[in-house]
Amino acid sequence: MPLLDVRNLSVSIPTPDGDVHAVRSVSLQIERGEIHGVIGESGCGKTMTGMATLGLVPKGARIAADRFHFDGEDLGANAARLRGRRIGLISQDPAAALNPVLSIARQLDDVIRTHRDMPRQARRAEAASLLAATGLPDPERVLKSYPHQLSGGMQQRVVIAQALATGADFLIADEPTTALDVSVGAQVLALLRRLVTERGLTVLMITHDMDVIAEACDRATVLYAGRSVETGPVGAVLRSPGHPYTRALLSALPDAAPHGARLAAIDGSIPPPRSAITGCAFAPRCPQAMAVCSAAVPPERGRDTHRWLCHLPEDAA
Amino acid sequence: MNRRNFLKTTALAALAATSARWNFAMAEGAGSIFTLAYPTSFPDLDPATSFSNDGAVLANVYEGLARYIPATDTAEAKIEPLLATGWEVSADGKTWTFTLRDGVKFHDGSPLTSEAVKGSIERTRKIGGGASFIWGPVTAIETPEPLKVVFQLSEPQPLDLIASAGFAAWIYAPSVLDKDNTWFNAGNDGGTGPFRISRYEPGQRAVLDRVDGYWGKVPENGFKTVSFEITEDATLAQNMIESAQADWTYSLPYENLEALKSNPDLNVVVNPSFETLFGLYNVKRAPLDKVKVRQALSLAFPYDDVIAAGTSGFGTRAKGVVPAGIWGHDAEAPIPKTDLEAAKALLAEEGIEPGLELTMTYSTSQAIEAVAGELWKANLETLGITLKLQPMAWEAQWQLGKSDPQAAQDIFVMFWWPTFVTPYDYLFNLFHSEEKPNFNLGYYSNPAFDAKINEAARLSGTDRARAEALFIEAQRMVIEDAAAVFMLDQPNVHIIRSDIKGYTDNPAYGHVVFINELSR
Amino acid sequence: MKKLVQRLGWPGTIALAVVVLFAAAAILAPWIAPYPAQGAGAPNVAAKLQPPSAAYWLGTDHLGRDILSRILYATRVSLTNGVLIVAFSLLIGLPVGLAAGYFGGWIDEALMRGTDVFLAFPALLLAVLMAAALGPGFLNSIIAVAVTWWPWYARLARAEVLVLRGQPYVEAARLAGVSHPRIIVRHILPATGRPLTVQAALDVGPALLTAAALSFLGLGVLPPTADWGQMVDAGRKFFPARWWYSAMPGMTIFLVALAFSVLGDALRDRKGGAARASA
Amino acid sequence: MELLRYILRRTVLSAFVVVGVTFLVFVVAQVVPSDPAALYAGPRPTAEQIEKARQELNLDAPLPARFATFATAMASGDFGISYKSRRLIAQDLRAYLPATLELAVFSTGLALLIGIPLGVVAAARQGRWPDRIGSFGSIAAVAMPTFFLAMILQLVFAQWLGVLPLSGRLSREISISAPLPMVTGFNMIDALLAGRLDAFGDAFAHLILPALTLASYPAGVAMRLTRSAMIEILERRHVVAARALGLSEPRILFGHALPNAMGPALTVIGLSFAYALTGAVLVEIIFAWPGLGRYVSEAILAKDFPVIAAVTMVVTICYVVMNLLIDIAQALVDPRVALS
């Protein structure tokens, strides 16, 4: 039974000029102990999906889904209760995610005190051990300092420590390495991997970077214009992508193109969030588009756990 | 009950405890405290230079040689012996001999002697401030015996009246003769009176404590402590007297007196005061240099309306500048009534066309003056005259008045009260010719008038009846010349708790309460 | 009307209505006041200190004059007081701020230090001092308050100019050889104008209150012309027995100051308005 | 140490401002038509007495010489004597300044206590009724004339309900028969020093109404400034992150968001203190509060310049010191600035 079971999730935000369909129809199943990557260009609804899971959508947003369960509980009603207890967040820019005027010790202590009834001294020790668990050298010095005194990597480790402090077993990592330079990003991904194995955590990794998917994730789901168009084990999705959009994404990568050749950019642009879409959202930009594509919703295709939505038959890759 | 609830309940309990007692009378210990809600502060507590409301405090701490008791419907006015038991004047009126009371002690324990009297008056004259000019005529003070003082004068003057003045006539101990103004203003004294100053907090209060061994009679359960609470705001003063936070106050709005009268806990004591309100015409500037124009303005003044609106009917029509209750008051003075037609005729006679503009200056702190101005302005409007009302702080008003008459105001409105009880104080200061204007701010100058009042002053020591006749003649000259518009005599309205016994008004000492005569 | 509500929101529109109403009252006072003569100051001693009644809707004052008429006539004084104070302050503050912000360097330093001295001077104290120096009177009380207010506008104007001076189009004009005054008048002034006028609208309320405080101290207009602050002061000694004497003008001051503040607020975060230049 | 250099620069600047203000007061004293000699000579002086006073005050000395004596006296803290009362001004200031400062501190405290929580709640419930009522309340507080509010508060709480005293700093029982020894001039502190709990409660009760009147304007401003600051802060990533960590709403509002909004709170302290120092003239008159405001307003009407100069000097120094402290506090509140 998947830890997070999402079927046909939609999130729309009313504005004076009409509703913004941030998420149109996303289905997502994440098993316990898995690092599941969610990838798509910016504006594809990947962050909003994460936020919906945490129940932190903007005021007035309407959430609907055929099924939106976390560990058997309906997230529509219980998101707030689960947030911070079972589900944690690691946001993109660690500097912005830490309170600039409060010391690290104070920020960590607040989290521990909210979730566990421990005397002051015990909380201080726990904070130090959590920081150590994230690989931070000299936790005592880190506790005494303020966020602006730490490097990007160290800040991200503090954010992770905060998430661990809540005792949550399911972490949503929203582009955790984008604000960091490559080497530090790699260490953070390795840390997440170690925490998953050691503490039996599960991670929903939101990213726009194929390398993160390749390096860190077990399974991946590709989003386009608010819809999940392909999902499956990382190996299958990368080596034999089923959906034309996934193929286009992969061919846009620098190392995929022969040396000196121009990267294959995908012409056209993603459909505006306020407009309705009929048929396959990618149809207008799909090189193998057929008449039926823009008329009917593409059926689901695929081989055992590697599924995608497309009118082309399976072997057309 | 965890810590936070405990704090909350104690705070609420404390507030409830303190709050219950604000709105009822002061605690029981108030019996022996006499509290005055006094509307002004006390600028100068030095007996030599004090010349303002500080007299109210000093009158209970210091004493003069004699005290003036005004006439009542039953008794004639008289000068009561105080530190002096008696006095005689020589035939030529230029030598006065005072015999002092035996056994009187100053607050520092030293005895009252002729040397102390001589020392006090000479220090007052040397400093030369406040009302020290009243001792002008004295050329020498001799002390033949410890209890006998002889004054030699340059010309006959009523020294008995001068010695009973409310200012500059205090006798103080030799030990304080060398002290400076700041020492006195820090709340120290050297008097013989029934109370001593125990504390003076500027802007807040002056507190006096009873002195044991006072020579005079002390009423049974008289007051041990007196507190002058400086309360400049009339609303607060009224609330204090109504809620028994104060036992005595004055200068409450006349409009509120009806309500106060109906309150059984309060006595509203109304007597004529020696304060009169008038407007001096600037006789040096056209068109007010013409008598008829001045008479016309006086005819246009709404006397009765001002008394009704300004003093709610408590005030009385002024009969010239010397108010009722003082010798030299002219009850039958030929004063004008409000008659707009007669005024119009006089203006036509003098060829005054509509559009004339006159400026009237008065004090911002005196509500009655504002009422008089606004009502007079309305009447003058019907005669085509625009009266420009100019309220100013007294210092600024007086400074404008003393500047060049051509640039000064047309009408200078003010109150006047006597330094000591003599018509000369009014007539000399306000109408006697002056090279540099000081208080004669209408710049009136009439040599015959000057000679007559000086003659009367000389006689007032030896032949008071003759002096009074001369003063009345002089006053009529001013009325004929219409040198000023005489508006009203301000009443003395003092409000006192009805449980206080022994209170009498003495207009000779403006707004002074002799607390030693009172008891609860 | 709908467009107005849409732009200023309901509170803003109501506030604008109140302001317009009082402006009309100021102009039409002689015609709409029940007792015009009394409004101008004519006493009516017989009807002294009467409570609100059919004859006198808001009661009468210590000279029997109808308080409603007095308030209407006083609107001319108090309202123009508030507006003129803000206008004078802008008149002095704007050029100083513009010059300081635009030219910078020692001019900026000198002007700003001068402003600091005025700002350091306790506002009401300086106003009372100026009023006492100039003597009471309508114009004097305005100058007295304006003397203490212009520094705020100088600072605001300088901040706006500093932001604008950095804009490319100003530098471009400069490079094109356009003279300083022309740049200030054609480019800087219009863009600084909008935030300052909004601030001015917001300040008419407080300016009105400062003027009322001055006249409460007896430094306002000369009798018999009335202004609201003076009326509250005159009625003070009859308070609370004859509460209406102070209450009516007091409420009027509050209402008008409130209207101006709400209007200023609505103007500042106007929907669809040009984005404000500075924070 | 960058902070030290900053303080030094600001002190020098403030000294310049204080000198500027002294000069301004002296100039106004010369320009304004007044006759100090007449004032000094007493309520009803004769011509000779005025002439004597003129000599004593050496009013005929040349202007620069008089400014020199005036400035040196000011600098050495010898404020001289009041023309009108001939009392030592320093003595009067010793009595009046603490009364004004006590009221200023109390009303500033009240303004923060009322304004800031309201601002936070209004920001948290933006658009809903607490925000609407709070915002309207703050505009009303700013628009309410102080002298009128004072009269209403006196009427309701003192005369009708009788739960609070009408006026003064201490009730008469205490101030007459058992006066407080003056140590700091702050009644509540002096009462504690003297171990007199009754006097402490009494002084507290007397402070409430005047401080509330004075606090209305700054409270309104505090509420509006805090609200707009909080609205911006609640959008920030670290607040979203805090929420994602499951922290309770009040802890996020007051524990995490508010500390970032200390800037506006400090500006309100400056504004409220300045307002209490000079705006209190009317409140002091109505509540018979023997403070600087009343003392200087009487001096201004009587053109008693030594008092005007002394009070202006003292108030300006308080102003300048306070602004300096607030600027430093602004820096200290934000660790990014303080520790850099």
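Letters are used for the chains, namely A, B, C and D, taken in the order the chains are written, and counting of residues starts over at 1 for each.
In this text, a contact is a pair of C-beta atoms (placed from the backbone, for glycine too) under 8 Å apart; a residue touches a chain by one contact, two chains touch by 3 or more.
Which protein is which chain? UniProt says D = ABC transporter permease subunit.
Everything numeric in this text was worked out from a predicted model, so none of it was measured.
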{"item": "More contacts between chains, B-D or A-D", "value": "B-D"}
{"item": "Distance from chain C to chain A - Cα centre to Cα centre, in angstrom", "value": "56"}
{"item": "Computed distance of Cα centres, chain D from chain B, in Å", "value": "38"}
{"item": "Gap in Å, rounded to a whole number, between the CA centres of chain C and chain B", "value": "43"}
{"item": "Multi-chain contact residues (two or more partners), chain A", "value": "none"}
{"item": "Touching two or more other chains - residue numbers and ranges from chain C", "value": "132, 218, 236, 239"}
{"item": "Chain D residues counted as touching two or more neighbouring chains", "value": "159, 286, 301, 303"}
{"item": "Touch relationships between chains, expressed as pairs", "value": "A-D, B-C, B-D, C-D"}
{"item": "Chain B-touching residues of chain C, taken from the complex the two chains share", "value": "41-43, 45, 48-49, 62-64, 132, 135-136, 218, 222-224, 236-239, 241-242"}
{"item": "Chain D partner contacts - residues on chain A that touch it in the complex", "value": "54, 56, 83-85, 88-89, 91, 93, 96-102, 110-111, 114-115, 146, 148-149, 159, 162-163, 165-166"}
{"item": "Residue ranges of chain B touching chain D (in the complex, touch as defined)", "value": "14-15, 17-19, 22-24, 26-27, 29-30, 33, 35, 41, 43-44, 49, 51-52, 128-131, 133, 181-182, 185-186, 199, 201-205, 207, 225, 227, 229, 231-233, 236, 239, 245, 364, 393-396, 398-399, 402, 419, 434, 436, 438-439"}
{"item": "Parts of chain D lying in touch with chain A, wherever the complex brings them together", "value": "236-238, 240-248, 251, 255-256, 259-260, 262, 333-336, 339"}
{"item": "Complex contacts: residues of chain B adjacent to chain C", "value": "233-235, 252-253, 255-256, 259, 305, 308-309, 364, 367, 370-371, 373-375, 377-378, 381, 388-393, 396"}
